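Two complexes come next, and they have one chain in common, subunit A, joined by subunit B in the first and subunit C in the second.
Presenting the complex of A and B:
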């Protein structure tokens, strides 16, 4: 007898149960609450919260967040790809494994500890700042770690290794025969990269860009610890509205969060679509 | 002067020789196959010619130029890979056009040439399809068209059919031969499939352990194997180890039997020298015990152990004085042969090939 789809037994559901409960409690319910809150006031359903979410100040926060995310994602993609290529072409396996492990650790190193690390190295009295000053190079006042450019450097600390982890499998999927075939057909090294390797890698590169973009867009702790309210980002605005330091307005914060959720969802959907492109390089 | 001349190519990997003193001359338009088991150095040889491996020593002449001094794309070689190596983001049409575009050919020429090449490989209608939408056989046809597009002086094919199923392999190998003959392109072909090599080649180079065992026409390599390796690698063969009884008469003592072999095959060998007599199964007749036949034939009593149906022929596995022997009979006669039946095997002296066993104990 030909059996159809395999039935999942009660034992499997029991094991999966806690994960479903966890997912519902910490993913589904908060989103539903967010949706309800952002579309309602004490008087009932409304779009007024979104009207207030697009004041010049809030629009500026979105612009800053989008710019910071785009710049750090772009730099992360370019720099991470170059470093990842160096890793996958390293002759010694030990070097490859060690660098990949380092990327794994640093990709997950963010938030307040990362901000403090940058303050004590590149802050106005940081180690590197003082060492450079001792040899006659003054970073300050033309550079400030407590600014958007400082934030860009801090974000790159986790964006680069994340890109390395994302792109290494795709680089390993570039088949040696493609390079040899291109070479045999007359392509130079540059032509091989422009006409073969990069188009094949394009879905992975674009998908990784979207993930890095989402990663930066949702970052809060690093930005707040490093720059406080000096840099106007969406996540900083949401936190301020919830904490009520200047103005307590949780429904406006929910509306901002829902718009941010839309941006993040678009990134993830785009990434998933690109990840299923049939010509992408897979190891 | 040969069109392609490979002289003393050597290559080692981590101190282990992969190719040893490879030498080959090819005439223009010739189809030569490198045949051998996995790891014998045939692909490495091809890759050295293509420019993807640098030989430790040797020369590769194409016409009056040693191409080892040139980068791969300046050698005038078109390469077809085992795994097709089609660019997955390009359609079949654009894969074929790739080399032409790189060469900066005019768009009008590309628009004319690509359909011609797709037509040549029987895929005119598939130009708009991506590699993933094509079967393995179709992909390899596109790869062949792509390699031919740059009008190479020599076509190199590295096990192009090994990833395909049996039926497609046979069809495509005939296609490759047809196209090669039509274009008159000099071709070096790597395969581990002896039937494939014998079927499509003008000459076959049998390789083993990085060295050349024999170079010859398919008929010569099959009928007159130069070494025991060639004899056993190409087709089924019986190996009867004995000693020269009288070299001048062409007699070999094999157990209790005296075998007659061509006297030319034993010329120069001392009486008492250990030899291996090689006999192809299809050269053997199986008759009832004691049946008469032409004088000079070898006749040995045997018994049938196994009868194996192989389609047009039936293979009889026999024992002669406890030693195994195989004979092929036409399947129409298979009803005459039964397991355990006593028979007489008959093979003419002319069907025997003799190889001397060298002092190290291995026949050459």
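Presenting the complex of A and C:
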């Protein structure tokens, strides 16, 4: 008989207490504060703050953020799946291990140092820019790393390895027998992919897309280091309001923060739902 | 078959070039005398490394970041380990709530967490605003998924229930069971989580910038300041950042071994 079983009620709270106190103090209450202040004025509950928050500039920032997130998540899903497939079907074990390790390491490279590495590589006097100029291709001024298209490239740097890490287990779950069965029934390669493999992978692909989308939508450090205030993103706007660079209107920032929190939450909930469904095809 | 092999080499080659190119360029740039007019550096030097590491601000910010990262790891381990163990074994009903708190940070942009913390703690009479303490607290929240997931995996892998029963049948109390029987067995999970937390916090810019900014400069803040006025010295700082993240990752990979599937890796963007 385990000692202490009888004390579960109080004992449990003594152990779990600090964690929940911490979680409430630094996670739940700050979020609830934003919820309350976005929905209220001195007179009571209202939705007016959201109306005020959506000035043309803020709408533009949401459009930019949503677009950047969608584009980098889409390119990340497609590119990451193709590279991941090339990795898992590589014949040499060394190649598979080394490239998975590379994805593992680079998924953790992000933020300021990464943005700076891209300035050095693709900036106006960047290494690749100079190299291309030498062979007669001038990137500038039609392309700028300090712009939305530059950000797209920089974001892909962390989206691609994340996608590879997310999709490799699903690709490994594709059984050789399924392919053989399809081939025996007369399916071509394209038919196998379209009718067998992709439907099986679909939940994983969609879930990964949502996670990559959230990953890009909440990003700030990379965008700020690379473009400063030049590119109008939601996180850049919120940060400017936090630092008080723009006119002081607390509820405005709170309403913006709450809407972006809503976008992120929807993505993460969708991802969790897709990842934990009982009837998914890959274990 | 030959066509498929070529296709694979092309794909993997492009991927390698894209992932390694910017890193190698930064490393080379940091030891170049000048590399903004010619396609190859105009000679090599360690001048920028010497200049940037000799500054007192370099040592201060590096120490600040190491201290904040170490403090975050300590708080996170102390807070999450007993909780994960207890919920796993004794209070499964608390598990969904713990998991909820550990998943929310995934959907919580740094700027939103910073704003919420500032709003709430400027309204209560606690001396937390603008202190490194609130930064550490924010980092513990931000990295909760990184600490919680490896711990739960480790607990599931070692059969914590049998270990607990064995320890207690030998007369160990709850605390002894956790520290002397469970902890040594889930140590790889604890170290794995700690390294993820450490490397994430070390490179984090957003919360550091918004919560305390210039009052307590961390390494990434110093780096971003430098990118605005001296690219060559900034490149040396970026290389140091990559090195820390790389070392932590390599250590985790070595620790976890192969075939573990995806890790939760949403670092500081």
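One rule holds for everything that comes next: the second predicted complex is superposed on the first by the 247 of 283 C-alpha atoms of A that agree within 3 Å, B and C clash if a C-alpha of one lies under 4 Å from a C-alpha of the other, contacts with A are read in each partner's own complex, and residues count from 1 in each chain.
In this section, a contact is a pair of C-beta atoms (placed from the backbone, for glycine too) under 8 Å apart; a residue touches a chain by one contact, two chains touch by 3 or more.
Predicted model only: the values in this text are computed from it and were never measured.
The superposed arrangement places subunit B and subunit C next to each other on subunit A without a clash. When the two complexes are overlaid on their common chain A, residue A:169 makes contact with subunit C while staying clear of subunit B. Applying the stated contact rule after C-alpha superposition, one finds that A:244 touches neither subunit B nor subunit C. Applying the stated contact rule after C-alpha superposition, one finds that A:86 touches subunit C and leaves subunit B untouched. Contact with subunit B, but none with subunit C, is seen for A:195 once the two complexes are overlaid on the shared chain. Annotation for subunit A, partner touching more residues between subunit B and subunit C: C.
With both structures placed on the common chain, the touch criterion links A:121 to subunit C but leaves subunit B unconnected.
In the superposition on chain A, A:186 makes contact with subunit B only, not with subunit C. Within the superposed three-chain model, A:99 lies in touch with subunit C and out of touch with subunit B [touch as defined at top].
After superposing the two complexes on chain A, the closest approach between C-alpha atoms of subunit B and subunit C comes to 14 Å.
No residue of subunit A lies at the contact with subunit B in one complex and also at the contact with subunit C in the other.
Residues of subunit B touching subunit A in their complex: 50-52, 71-73, 77-79, 81, 83, 85-89, 98-99, 102-103, 130, 132, 146-147, 149-150. Contact residues on subunit C toward subunit A in their complex (touch as defined above): 7-8, 11-12, 15-16, 18-23, 25-26, 28-29, 35-39, 79-80, 82-83, 86-87, 90-91, 94, 97-98, 101, 103-121, 123, 137-138, 140-141, 144, 164-165, 168, 173-174, 196, 199-200, 203-206, 209-210, 213, 220, 223-224, 227, 231, 234-235, 237-238, 241-242, 245-246, 248-250, 252-253, 258, 261-263, 265-269. The touching residues of subunit A, counted against subunit C in their complex, run 2-4, 8, 11-12, 15-16, 18-20, 22-23, 25-31, 33-34, 37, 82-83, 86-87, 89-90, 95, 97, 99, 101-102, 104-121, 125-128, 130-131, 134, 156-158, 160-162, 165-166, 168-169, 214-222, 224-225, 235, 238-239, 241-243, 250, 253-254, 257, 260-261, 264-265, 267-269, 272.
In the complex of the two chains, the subunit A residues touching subunit B come out as 175, 177-178, 180-187, 191, 195-196, 199-200, 202, 278-279.
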